[in-house]
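Below: the structure, in structure tokens.
Chain naming follows the written order as A, B, C, D and E, and within any one chain the residues start at number 1.
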Amino acid sequence: MEEIRIGVYICWCGTNIAKMVDVEDVARELSEMPDVVIAKDYKYMCSDPGQDLIIKDIKKHNLNRIVVSACSPRIHELTFRRTLENAGLNPYMFQMANIREQVSWVHDDRIKATKKAKALVAAAINRIKWHESLDKRTVSINPSTLVIGGGIAGITAALELADTGSQVFLVEKERKLGGNMAKIDLTFPYLNSAQQIINEKIDRIEHHPNIRIFRNTVIDEIFGYIGNFNSTIGQNGTEAELKFGNIIVATGLKSFDPSGIKNYGYGKLPDVITSLEFEQMLLNGKILTKEGKEPANVAIIHCVGSRNSDEHEYCSRTCCMSALKYANQLRSAIPEVNIYQAYADMRAFGKGCEELYCSTSRKDVMFLMFDQQKDLPVIMEAKADDSCKMVIEMNEKLSGERIEIPADLVILMVGLEAQDDAKELARSVGISMCGNSFFMEKHPKLDPVATTTSGVYVVGNCQAPKEIPDAISQAKAATARIMATIKQGEVEVEVITAEVNEDICCGCKTCIQVCPYTAITFDENNSVSVVNEAICKGCGTCGSACPTGAIRSRHFTDNQILSQIKGLMSKSLELNEL
Amino acid sequence: MIQRVNPNLKKDLLKLGVKDWNECFHCGNCTAICQLTEEDSLNPRKVFRQAQLGLKTSLQANISPWMCYYCGECSDTCPRDANPGELMMSLRRYLTSIYDWTGLSRLFYTNKFMEFAAILGLATIVILLFAIWGPPLDPTLTSEGGVKINSFAPIKWIELGDWSMAVVVAALLISNILNMFYKVIIKPGVKIPLSVYATELWKLPAHFATQAKFRKCDTKGKYYWGAHWMMMTGYTIMFILIVVFLPEFQVEEIYDWWHWQRLLGYYSTFGLLFGLIYVIIGRIKQNNQIFKFSHLSDWLFVIMLFMTTVSGIMLHLFRINGMPYATYYTYIAHIAILIPMICIEVPFSKWSHLAYRPFAIYFASLKKAASEKQYKTGLAAEIA
Amino acid sequence: MTYEPTIIAFLCNWCSYTGADLAGTSRMKYASNINIIRVMCSGRIEPMFVLSAFREGADGVLICGCHPGDCHYHEGNYKCLRRFHLLQKYLTQMGLNEERMRLEWISASEGKQFAELADDFTEKIRSLGPCKLKETAETLT
Amino acid sequence: MTSIVFTENGNGNGSLSSLNYDNLLTYAKGIAGIGPVWDKTELPIYDSGAMTHILKESKIKKIIIAGDEPGMLKPFLSKAMSLVGEDPGKVILVNFKEHGFFTNESFELAKTLLLFAIKDIPFEKVLVPEEHNVNKDTLVIGAGIAGIQASLEIADGQQKVFLVEKSGTIGGHMAMFDKTFPTLDCAACILTPKMVEIGQHDNIELLTYSELKSVTGSPGNYKVIIHKKARRVNLATCIACGICSEKCPGKASSDFDAGTTQRKSIYIPFPQAVPNKYMIDENSCIYVENGKCGVCVKVCPVPDCINLDEKDEDVEINVGNIIVATGFKTFDAKRIDQFGYGKYPNVITSLELERLVNAAGPTGGFIKFRTQNKKKNWIFSPESDEPKSIAIVHCVGSRDENYNKYCSKVCCMYSLKLAHLIKEKLPEAEVSEYYIDMRAFGKGYEEFYERIKNENIHIIRGRTAQVDQNGSGLIIRTEDIEKGLLIEQKVDMVVLSVGIEPAEGASSLAKMLNLHQDINGWFSGKNYISDPTSTISGGISIAGVCESPKDIPDTVAQASAAASSVLQSIMKVKTT
Amino acid sequence: MANKEKNKIKLAIYWGAACGGCCVSVLDVHEKLFDIVAAADLVFWPIALDFKYKDVEDMPDKDIDVTLFNGAVRNSENEHMAHLLRKKSKLLVAYGSCAHMGGIPGLANFSNRQEIFERVYETTESTVNPEKITPQTKSKVAEGELSLPEFYNDVRTLNQVVEVDYYIPGCPPQSERLLEVFAAIVSGAELPPKGSVIGALDKSQCDECPREKTENKLLKKFKRPFEIEDDGKTCLLEQGVICLGPATRGGCGVRCIEGNAPCRGCYGPPTSIPDPGAKMMSAIATIIDENEPDAIKKVIETIEDPAGTIYRFSVPQSIIRRKIMPQEKKKEEAVLQS
């Protein structure tokens, strides 16, 4: 093994450190530690001359490990790693001791601060003896992408990617492309045609040279990792072996089935229909009751299957606005119709939505509020002599009165819920699910489309209910990442990863479930665990959980940390005795 | 009790109003900003709700519209521009037409032609009466160059006319108030002990005279209150003068200017003029929320009162300056405007509020006192 | 001279170490007895580190991670929490005062909380007196 | 036979639309082979019977509805078509607004759109992509979370990004927040790593304290002049030691703390600012004002680091794509008289409360009364007392015809979050929320709402109408809608959940970049439904709240989506 | 004869604080014992042959080729012999768990001399000792002075007293392993680096364990072996039983597990682990299936005596080595007060 030659640099940071820490004393004392070749102090280590000093010393003294004691590594670790690279050393042969944020700025006793600085630097020196060269690692990226789901999100993603010249495989469970958007007439809030938008896109996708469509196809199992996935896809009896670098999951959601809600009598009362069925009426241009008459009274009931602990606790996000849209469409198609909207909270939050709410309310629409959790309206058949077919009874919250509404047609604004096969899909693609069987994103705030599995993205409704523009934004967001990786042809993966020593691993499989990224798999042939370093993010949890000590967390190995502790304590105690 | 919603009531109400209020999304701002809001008596939003849903029974039993003096604060701050103040105004018209058993009120509110016809018809009758039974305008009426008003319009006839008009109007008003009492108290089944009727009775004249509630309106309200109060007192004093004290009022002799009759008369005139000009400028400029929307009945009322006032002033000026012919013609014109104004506006239109409002306050306090009493006896029974 | 305990603090990189940095940039003063060792995640902290710290002479060990649910690696902090409790039971069995080891959640914005924690913990350890573990283990008789 | 119905006449419907419909109608009538062409007013739009008669008579097989809101007419015509037995799907909508052609400048394009509708050509082809040689560098305007995200996406694709930020640090509003809803993870914990990444990224050139001066050129090749304001501290040499700030005698209200406290005239916006360098506020610097002082220069340990006489400068850059992510400003609560903000010290805005509950804020994370300091400035100091009851008022300046008609989308959720945080800091305090509609729409939001309901917080439906001072406390008047009762509540502090408005200067930027703004001032994309981030100005995308109010995840998704357009154009080596 | 003698190696076997099982394990080679005797001269083996310490003392230094030292160092006699044998031996092998890691006698480190004496000589139910007489190192009797070895406060492993060349782990070591080691030494093959563990495997127990292991290792309750209904196939850890197998060196032939009992760790940890129990502690805590502190504590309560379970054979060898006893002074005060 090569001789360890350590260079130690103590930064003054102007007076920031020097005022509270006797930096010269620190340098002098630590120069006496074993393996330390030189120890220097300097005004600003991060400045160009400071960095040059390190480079020169590395060459002159043949140093192979560098300790810089300055500010927080969160600020300058990258700076100095680059310095080392410039000097021809591996950037990981570097350790920083934070004596500014965690010493000089937070203490006011110079003697104690100096003592602590010495201990921290000693710890770093002790630690760096165990450092090893780590190399940047990349995996190559197959430029093809698999898009699962042919709704608006999937179609958008496929087109965006295909337009850059990359191959896209689009897999759709059903025969028809377009998903839920193809089943609706107009979009809110501007009442534009959904059909025109989606049909144009479907037309493009069907004729796109870079897109291969698999209809009536379900993904069975996917193998591999980012950049290098593969799967066998069966279609019409033939099987195709596909290789792709990234996966976009855009399987969407399905409408809630309201048959289970007794109050509404869906399935029993012929003129109680779901919003999706009403969309079909609008597409056909025929808003008629089962008897074939035009309704004189139409009631729209919100929050069916949503915001209720018996069905789904979550809000389906789109129904309120769809209901307002229906009011406008009804008013246009049947000018004299009485329109009633039973709602819980009017969630008109998007662009132009509150304005639509306001303009709709001017169109003789009667809004009625009910308690969607405990007190649902009851739909019943009207008496024979009544002017209407059905009567809806409810406790109206805004007036505090018990009222009844005449209705000839009742539209249930059904919520959205996970597809039946969501769980199987999650398993085959390797992503997690949240409480409501929605797919889980990597970070709910700052990474809403990536997943914990690198190279797999969730977009559109399958991540959570959302409006069309948001689904499209998400679809495009995922393609941004994929384009960046395709463009580079390879993707850098975490350097600080875990590795399994196969000579020691006994195959107890403790580590496999511990990994939050499912980066560890079991090699049945050798009966050892294997870390897929393309997936590993280097948290080190597995290393701590491994009972045999077979897993090392690179750059945070047991030895590195133990010697850091040892160095710190020995210096600290030694100084205490003085 | 389950009430069925009735979208048609709204359409009906719209005929009496000037603006749709369906934008309201029930935030309750109006109720909260209104300084007069009181449980059971004034809750603008609840009235809104009854109107929107078309809950006729509840609406007719509701006295909230009368409790509102229309300071306009609710409409100013309404986040949806739904104009609660204007709805209250429209509802006052609605309730007036509901209380009025003759149906004339409704007819006049909804049919401009009929309203004009009624006014013009009455005016014509007045002029005809003078033309037929009035003395010939010959020099006997101007002997010594003076104005002989009592000879022109003999006081006994005029007094007879005055009193009969007062009786008719009062009869109509009282019957309408009884109707109101039925709709507000009897029909909803409010139980009120007889003693309460007596103990709360003082509120009736007190509120009529002071309009103290109006003062509670916002800062701007105090200003309106001043104008409104002056107009109201001016009108009332004048009304009493010409009906009760006609013999002291319509005299040949011209009193000294400090005589009580003249002083009261001047005050009334000033009060009316001040209030009217304030309102007319407001309605023309639409400078404030309450003046933004004017129903025909609003304009008619103001214009007729203004014309009455102006003709009265002219009459007075002509008389003290000894201009007999001018005085006599103006007198006819004055009466020809005054009679239709009182006969149409007081029982059937906007002016009915001078009676409904104090009664509404009285009924509200009855309800409140009754429920308090009930609560107390209930409590006592419980304790016992 | 008053007794100055030596304390080792293991801080996760994403929340707690950043929080400690914030205490620094905000110039909050706290006891100099706290010596920080950075790990990527509190899930990396294992009993051996804590035991070694005591064995090498530390008087107290502080462990900080992201608040529950905030872990940069999803659930490392829960793993840390589980180990902490077992380790605490073990240390108690070995005659160590359980308060010598503490686990707290410090977020990246909680510089002040970190400074207060550092002071509070130092005082606690000071009141407990020197830890005799190193002495005992090295002088078996 | 194809027929056309125009829903507008004259010059559009007035709201921003100014297309001359009369001319368009004349043009349409002249198209060869076209059936009847009507203006909406000429049709019996309340009488399906009459309409079917017309359709039958003219043998119409297809109807094109053209205008600003053609969808409103569609159900009527679809019904009429189905009544005569024609395909109701043959009712085609041509929404000029949707495509951005609503001014007379795009009259020709509007004509084309009509023709395409007649001939069934996809609308996408109206704007035939011109082939440009794309400059591969990108300009991102605004370094809030949207700008940061977009920059990182592009820079990670190995493309150069110029990130321009108006203030002295990146981070935007998100950096000011304490926690984010609904997961309650701390904003700084998740944001600062991204900020550091921006600061250290090889492909990102950060231009803080700078604004756009002019943009010329064409899609793919824009020449942008950036006005760099004088920071007066050298970015390269400043070591952020803070000595200058310690000694500086000048003071001003801290923008970063939403005015809740004071900072020095030479300052760093907040400890984790990027770049982590000091700067001088010229409005309060004594030297800038009267030429005398210079204490900072004297105490600065780095030679020539502070240059008090530094002048503003202009920098020219050339870029191919531009992403606009200028975000928002909060509604000025002073505009609503009856809430007494600015009049009563303890009526505060939600942004101020965000700073108070933030551990790095002026009170160290404690909720305190606003008090006057020695110099009579109203600030929040850690020494003040704590309120015992707090009311949170929703929809301040939003959903209000008198101010902003739109819903600001985020206030309900952040108010719930703030209520939770208040309860966390002051468990004994009485917390009330007054709302109109609770808009808990996103992933996990409704669940969060349910959770807050169980935290002993009064959540009352009703819009507060008035706040008055009453002795040392405040009285707020609200109607409890669900009970139908007027509530006059005495509280110690009122928090106004202010809505959000387009950032200062959005209009001038719109002019500079030829972007459309909607009636509320938000930027409009090319097509709200199918392409909300691209604009009709080629190579220019919009992202985040500047497009319309939205929460953080949607902002981040949009930012990435905008980056996707940029990367796509670079990969295709052309832009549209 | 002399030549023959020369080819034979000199073997010594000594027991310190031990149960004798290790010595018996030597006999457990059965008929192979003859091969040993054929290849080696047993120069010292107190349990089997009558040698006096004097004989050893008289040997020249480094005269013994191999000494198998079993048992921990508990008293002054053990320590003396450890030093003596070190001096006289070329190779000193710590034989068995006690010499290696302290073994079962090492559990005495949860206590100290005072407590042990109190218990053994005063408070045990069968003891009558009103004068509270405890063993003294020196006592005068009529015949003169008698001496007993000093009973130490702590139990130490062999290597905490003298330098050790090799370790053969096990309680007791498997006889087959002993034969293999012995054969290697005799054949003069190249020996592994000093300090190595010999007669055992590098991998831990699980590698040899026939039970089926899955990744499903999440526990809401720990169980003692009698609490489970073992199907003989499922990994014991997955059934909630603390089996030290994953952190214990293989080589014993997974005998305990074959006997449906969990591994208790007598073979000690693999080379990669400095402390025998810390890793195992970490592992079993990690697989607790709870996230709330109280729930976690509840699960941990189901572990009977964690320190004694995890460090059953290795307390003196662990990082902490022994329990820190409450200050002696306090105890004295308490006695005085009572």
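Assume contacts are C-beta pairs under 8 Å (C-beta built on N, C-alpha and C of every residue); 3 or more make two chains touch, one makes a residue touch a chain.
Not measured: the values here are computed from a predicted model.
Common neighbours of chain D and chain E under the contact rule above are A, C.
Graph distance from chain B to chain E, where chains that touch are one step apart, equals 2. The greatest centre-to-centre distance from chain C, using averaged C-alpha positions, is reached by B. Here the two chains linked by the largest count of contacting C-beta pairs are A-D. Distance between Cα centroids is largest for the pairing of chain E with B.
A separation of 81 Å divides the Cα centre of chain B from that of chain C. Chain C and chain D have Cα centroids separated by 43 Å. Chain E has its Cα centroid 52 Å from the Cα centroid of chain A. Shown for chain B are the residues that touch two or more other chains, namely 25-26, 46, 80. Shown for chain C are the residues that touch two or more other chains, namely 18, 25, 27, 46, 48, 52, 75, 79, 83. Counting only residues that touch two or more partner chains, chain A has 74, 346, 358, 398, 400, 514, 541, 544-545, 558, 562. Inter-chain contacts, as defined above, occur between A-B, A-C, A-D, A-E, B-D, C-D, C-E. Residues 338, 340, 346, 357-358, 361-362, 364-369, 393, 396, 398-406 of chain A are the ones touching chain B in the complex. On the chain C side of its complex with chain D, the touching residues are 14-15, 18, 22, 25-27, 66-67, 69-70, 107-113. Residues 338, 395, 399-402, 436-437, 461-466, 477-481, 484-487 of chain D are the ones touching chain B in the complex.
Across the interface of their complex, chain A is touched by residues 202-207, 213-218, 235, 237, 245-247, 250, 269-274, 279-280, 282-284, 286-287 of chain E. Residues 1-5, 7, 10, 20, 22-26, 46, 49-50, 52-53, 55, 58, 80 of chain B touch chain A in their complex.
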